[in-house]
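Which chain is which? They are A, B, C, D, E and F, in the order written, and residues in each are numbered from 1.
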Amino acid sequence: MKFFFTFFVMFCFLAAPAAEIAATPAPDFGREALFSVNNLWVMIGAMLVFIMHLGFACVESGLARAKNCTNILFKNTMTPAIGFLSYAICGFAIMYPNSHWLIGHLFGFAGWGLHNPPGPAIAYNGMYTYWTDFFFQGMFAATAATIVSGAVAERIKLSSYLCFTAIYVTVVYPLVGSWGWGGGWLNTLHFHDFAGSTFVHSVGGFAALAGILLLGPRIGKYVDGKAMPLMGHNMSQATIGVFLLWFGWFGFNGASALSANPAIVSLVLVNTMLAASAALVSAMCAGKLLLGKPDLSMTLNGCLAGLVGITAGADCVSVLSAIIIGLVSGVLVTCGVLLFDKLFIDDPVGALSVHLLCGVWGTLAVGIFSPEYKLLTQLIGVAAVGSVSFGAAYGIFFALKKLFGIRVSETTELKGLDLVEHGAEAYPGFQFFSNM
Amino acid sequence: MKLVIAYIQPERLNPVKQALFAREIYKISVTNALGCGRQQGYVKAYRGAIQEVNLLKKVRLAIAVNDEFVEQTIEGIIEGARTNHIGDGKIFVLPMDECIRIRTGERGNEAIG
Amino acid sequence: MKLVIAYIQPERLNPVKQALFAREIYKISVTNALGCGRQQGYVKAYRGAIQEVNLLKKVRLAIAVNDEFVEQTIEGIIEGARTNHIGDGKIFVLPMDECIRIRTGERGNEAIG
Amino acid sequence: MKLVIAYIQPERLNPVKQALFAREIYKISVTNALGCGRQQGYVKAYRGAIQEVNLLKKVRLAIAVNDEFVEQTIEGIIEGARTNHIGDGKIFVLPMDECIRIRTGERGNEAIG
Amino acid sequence: MKFFFTFFVMFCFLAAPAAEIAATPAPDFGREALFSVNNLWVMIGAMLVFIMHLGFACVESGLARAKNCTNILFKNTMTPAIGFLSYAICGFAIMYPNSHWLIGHLFGFAGWGLHNPPGPAIAYNGMYTYWTDFFFQGMFAATAATIVSGAVAERIKLSSYLCFTAIYVTVVYPLVGSWGWGGGWLNTLHFHDFAGSTFVHSVGGFAALAGILLLGPRIGKYVDGKAMPLMGHNMSQATIGVFLLWFGWFGFNGASALSANPAIVSLVLVNTMLAASAALVSAMCAGKLLLGKPDLSMTLNGCLAGLVGITAGADCVSVLSAIIIGLVSGVLVTCGVLLFDKLFIDDPVGALSVHLLCGVWGTLAVGIFSPEYKLLTQLIGVAAVGSVSFGAAYGIFFALKKLFGIRVSETTELKGLDLVEHGAEAYPGFQFFSNM
Amino acid sequence: MKFFFTFFVMFCFLAAPAAEIAATPAPDFGREALFSVNNLWVMIGAMLVFIMHLGFACVESGLARAKNCTNILFKNTMTPAIGFLSYAICGFAIMYPNSHWLIGHLFGFAGWGLHNPPGPAIAYNGMYTYWTDFFFQGMFAATAATIVSGAVAERIKLSSYLCFTAIYVTVVYPLVGSWGWGGGWLNTLHFHDFAGSTFVHSVGGFAALAGILLLGPRIGKYVDGKAMPLMGHNMSQATIGVFLLWFGWFGFNGASALSANPAIVSLVLVNTMLAASAALVSAMCAGKLLLGKPDLSMTLNGCLAGLVGITAGADCVSVLSAIIIGLVSGVLVTCGVLLFDKLFIDDPVGALSVHLLCGVWGTLAVGIFSPEYKLLTQLIGVAAVGSVSFGAAYGIFFALKKLFGIRVSETTELKGLDLVEHGAEAYPGFQFFSNM
């Protein structure tokens, strides 16, 4: 995404023509048009990222039981709202401190709130406006929290989840992100994470892991040490969700080029689509081999896995590498789901396998498939981001647990969070066996 | 008066209805049910976790008839529901003390039809 | 022959099934039901309008057994369903005149199992 | 003891409940059902194909009562459910041998209420 | 949106270069590119507005009972079709009469049908083509009708609704709209409604109010004078709908800049997103305080309320004002729903609280938060538009009621409109208690 | 879509300025901006085409019974993945052989895999990059297969369907497409199919017909020679699907202009929207007249019919012609559904009536309504494409039938494909009468 130094390069590059413009009153339509089209694509990209929140809402609620559906929808509706607001208050300023580093290149802060710099909009960085920058980055911010939402579903208290989200998006996500995208020490090391396999997906995945460990498995998930199928109530919804995520990912990855540069963006899109397709095929095959029958929800996870996997390197690997990254992701996610189940780590939607495992894999893959980047640097990045985000998430969840408790009562869990936390079912009137 | 209750395979509902209509039994109440019996269940697989399911989908019929119609009703159900496979279902005949038509308040044998 | 009917809490279905299986009662029919009893309902809230709901989700079991199995069936249901909370449910035992296995046409005591 | 079973029009459930409550009958179990009777069905049309549907939505009530309450129960149901249109439904009264409250193990007449 | 005078300004501005172009045969790629990108954004904006129709369909059907679901989907599918066609026939010509005013600056008509003016496409107004103009405006047109659809759901006759929609979109919406966006008297007064808090949402909301008053509440809504919960059958669907509306609103507001101007559009998008987020938070809190539990459907209404609220001033208020506008909207909508329920005004989806209340609030907010515009003018606009659109809608519904009846029979309402009006259920085979 | 010769014309046109650029080091922002905006629109168009796959998934699963829902979702998720991958391997090279024709202008092949030509991206064709080209064409490729998916639903084996799709998309679709869009003999004849009424929709429709004929009707569809209503389980889902298809069609048709040319694209969009709207209205009326009640699923089919109908001529007919084409399509599809039912051709979703009938109608309509094109040529194109694609599809299905069987067993069909092929239901816990 945004590299600190590109910023300066561009700025210098633009300084000259800007002077020229001042000299001559004739409007430079070409420059303006280029600015408009770059800005437009980043804005549209942000909208596509926005629709991913609906994707998450559908996948997570579809893979949960009907009795908890309203609760999940509620969480997923509030997540982008809280994320965007808290990012406006200070997240954006922590993630992109510009020159305001406070502690080494580890922590910076550019000041509270949003402040559009004076002067012509094009002067901001020549590619898009300050508002577009915030709009795009703000949409990204909440996705990390949404990833947690699915993993802790069906047993976390609504209030605890909302608190966690607010804190995590306000502080942890931007802090860690600033190391790379904000021009911090990982960026100096030449660590590459194009659109966020690490800075978004792993950051979310590690928090999910912390949450799951502190919450424990859902009632009924393990009977005599054996994992039981607690079936998602609506496969149509889950499929709609995955397609919307896939669709939104074109913006997530494509607009992370931060311009409409035809050569880069189009390659990114092709790589994104190929990785997702390859992962679908490999997840289908892995599912068929390992489970006997092609499982829809696992195959859908495969698609997301491929998307997460290609996110770090979509701009710098070849199409063949993209296919390989996708194929590996599809297998990885299938094995991941089976493995986590065996480890008594109860993740209703497969968030760990998708976002954590494949986030790490995708980041490392950059070091493997792109000659420009080193595997070791990528490893350092993954380790540093992972330990800090896991630690912070664990700390936050732990504190919330001690202070208010994070898990609903047993009766609530059995009756369903919808009735107890919201007083209303998701599908009133429909008859279903609620013992499932 | 008897209340005939039957649990049958869902896809046999239409043939049973037709067999009963052929015997001039037109009044039936139907409920969705699950049944657990000798019939083998199936393996439910979801995200790698598997479970033997032995509650299978069935349809429950309840038919109130006068005593002289009991045998015809049983015959009709058997004709429509039998496939000679395990799981075809059961018929239970319960004694019934009284039957009332809500609309008219009629009681007993006339109320049934 | 008796038809044992029970209304239990939905989440007790599995324990009840296990308790019955332990007593070698394998044949059960299950239906979704709503029950209204002494158990307190809950308040349904929707867009500011609220309503006391007193029809709560229950599961209905129907088990046809020979007379000598009635007590075991009742025991099994109680073992699996009792939580000592209001709303645990009821068991009703009805006399049954006849039982027919659709597949074979067998009648009476053999047909039940 | 008797088990009163009634099939009524779905939209009459609330009036029936109120009429029963007014008679101090508070314990009811309700099931979703489909009924086929004298009431005319409707024509289901889908993509040009049409079919006469004669299984209409009904609600099934099951109420266990002591013998002296049977008439009141019937009265209550009729009061709540009667609209004088075909399809109002039927009430069946079955003899019941035993009734057990799962929570306490009480049996017989006390267990019913 | 489109101001009559901007049109002329632009035209003059473009006249000179156009002459130049004629003189020199070298193509001006810069001008062409700028034209293309502006035009592109308006076209994409129109597509986003289109998807709002799906949003409305999902929200309205999700918040209705299962037995009326097909009927609502049917209405919402026909609405954009009828709206777009009737707008092509004469609505567009009434709304944008250009110089063809017939009665003062109150009513004008530019002629039947669509007529692409001859000459190069860029000459139309230098920003987008004639067809793009119509495409965007036509998409807007039907949204006003769709608002009515939800409010009168579950009891209006299909035929009456379709008649009403056709008349309202053909005549009333464009007539009222011409006063502001078409260069009429409200525009002269310097009344500001950027993207339609008044011209779209209030216009729809007032019609909804007229419809509800003439129809009366649904059977079972009031028992002994107390409002009963007639629960929507599908919260997932309602949530999908709200997210799609939110998504589409980026086009609704963003493309109402009528160009891809980076500075304006990006600010509009940020304001839109902030207002929606703030309204979600305040509606959640208001719901929790007033109702005891956070109600999903009310919170979703909050989101829409914030979007309606910011629509009038998204281009001219600060981000802080946008947040305040959103916060107020969220509280307003919650109180509105409770109030209308108390007044025996039965609005199954909360359309009045969302579109009418917040439409009015958003329009007034422009006068409060933007120094450029006067509160009094805004009030005049709201009052004028409100009285005419309410009066007209009441008249149309009243006439239809007298002529054909507008409400289905009691049996139809009890059995459900799906079975009686369409002969088919929305979810055949699924079991649900139909007494609800 | 892409005409071989335009390609060359453009290339020549660009050669001169390209030389100029080399001479002067000053970047030509105007040219770059124009390139970016054209490229951007084609990329966005491809994303819109992508979302059509979700539309197909929703329509097809919504119009099928609940017991087969997972299976359909599975097929529709795999279809774009397989389509895109196989198109990368060789489909793209068959469809656009450039000068590598092997057999007359009938069959060409440009080589395995994807190869971005060296040199600046703009040199590819001045409008968009090589990757954008592939991204857009690859998205198109799988839509033809998806059409088949719905028609053969509820009875085809998963493995057979996937095999068929892979073969059909890899060979047949691109081969036939190369005749027109790849610069083959139909292009030479001046046959016009703007966005694929023939090359996509008929090609899919003919394959669907072949599949249906070899599979036979679903169990229970015909009782005593009378067609029975086997009701789709979820009208909400079907409606969501149609709206998404409608939305995606703006990209399907709009981006088939292969540039963001304001004049052309905006006319195409208006025509597309008008045809769909008109078809909705005529299908509603036809449904009401022929069936007595307005059927939602038939009216939805009407919308798609109008979209298919306008696809061939959206760029070259007047708005009035677009409306007429739409009106006819709406009637055609209604009669088609009734007719195919009478002919014992069991098509659960109406794919034949929508894609085949209206695909043919739309192609012929170009010859009728556009003075530039001849009806006879259009007829030749339809006949040639139809016979080859029907023949090929029949051959493939026939071979698969002989080799592995293409239809599931009777028990599987009765129990539902979800339980047997995937071991899991789509809506676990929900109660529904499964005898339907």
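A few notes on this one:
Criterion: a contact is a pair of C-beta atoms (placed from the backbone, for glycine too) under 8 Å apart; a residue touches a chain by one contact, two chains touch by 3 or more.
The model shown is predicted, which means the values in this text are computed figures rather than measured ones.
Common neighbours of chain D and chain F (chains touching each): B, E. The minimum number of touch steps linking chain C to chain E comes to 1.
Centre-to-centre separation of chain B and chain E, using mean CA positions: 53 Å. The geometric centre of chain A is 32 Å away from that of chain E, both derived from CA atoms.
For chain C, residues touching at least two other chains, in rising order: 31-32, 34, 44-46, 50, 94-95.
The set of chain E residues touching two or more other chains comprises 28-31, 33-34, 36-37, 40, 44, 229, 231-232, 234, 240, 292-293, 295, 297, 422-424, 428, 430-434. Of all possible chain pairings, those that touch are A-B, A-C, A-E, A-F, B-C, B-D, B-F, C-D, C-E, D-E, D-F, E-F. Within the complex formed with chain D, the chain E residues making contact are 414, 419, 422-424, 428, 431-435. Those residues of chain E whose C-beta lies close enough to touch chain C in the complex are 226-232, 290-293, 295, 297-298, 337-338, 341, 350, 431, 433. Across the complex, chain F is touched by residues 10-14, 32, 42-46, 50, 57, 59 of chain B. By the touch criterion stated above, chain B contacts chain C in their complex at residues 2, 5-8, 31-38, 55, 58, 60, 70, 74, 77-78, 81-95. Contact residues on chain F toward chain E in their complex (touch as defined above): 28-31, 33-34, 36-38, 40-41, 44, 48, 65-66, 231-236, 239-240, 242-244, 246-247, 250, 254, 260-263, 265-267, 269-270, 273-274, 276-278, 280-281, 284, 292-297, 299-300, 303, 319, 323, 430-434, 436.
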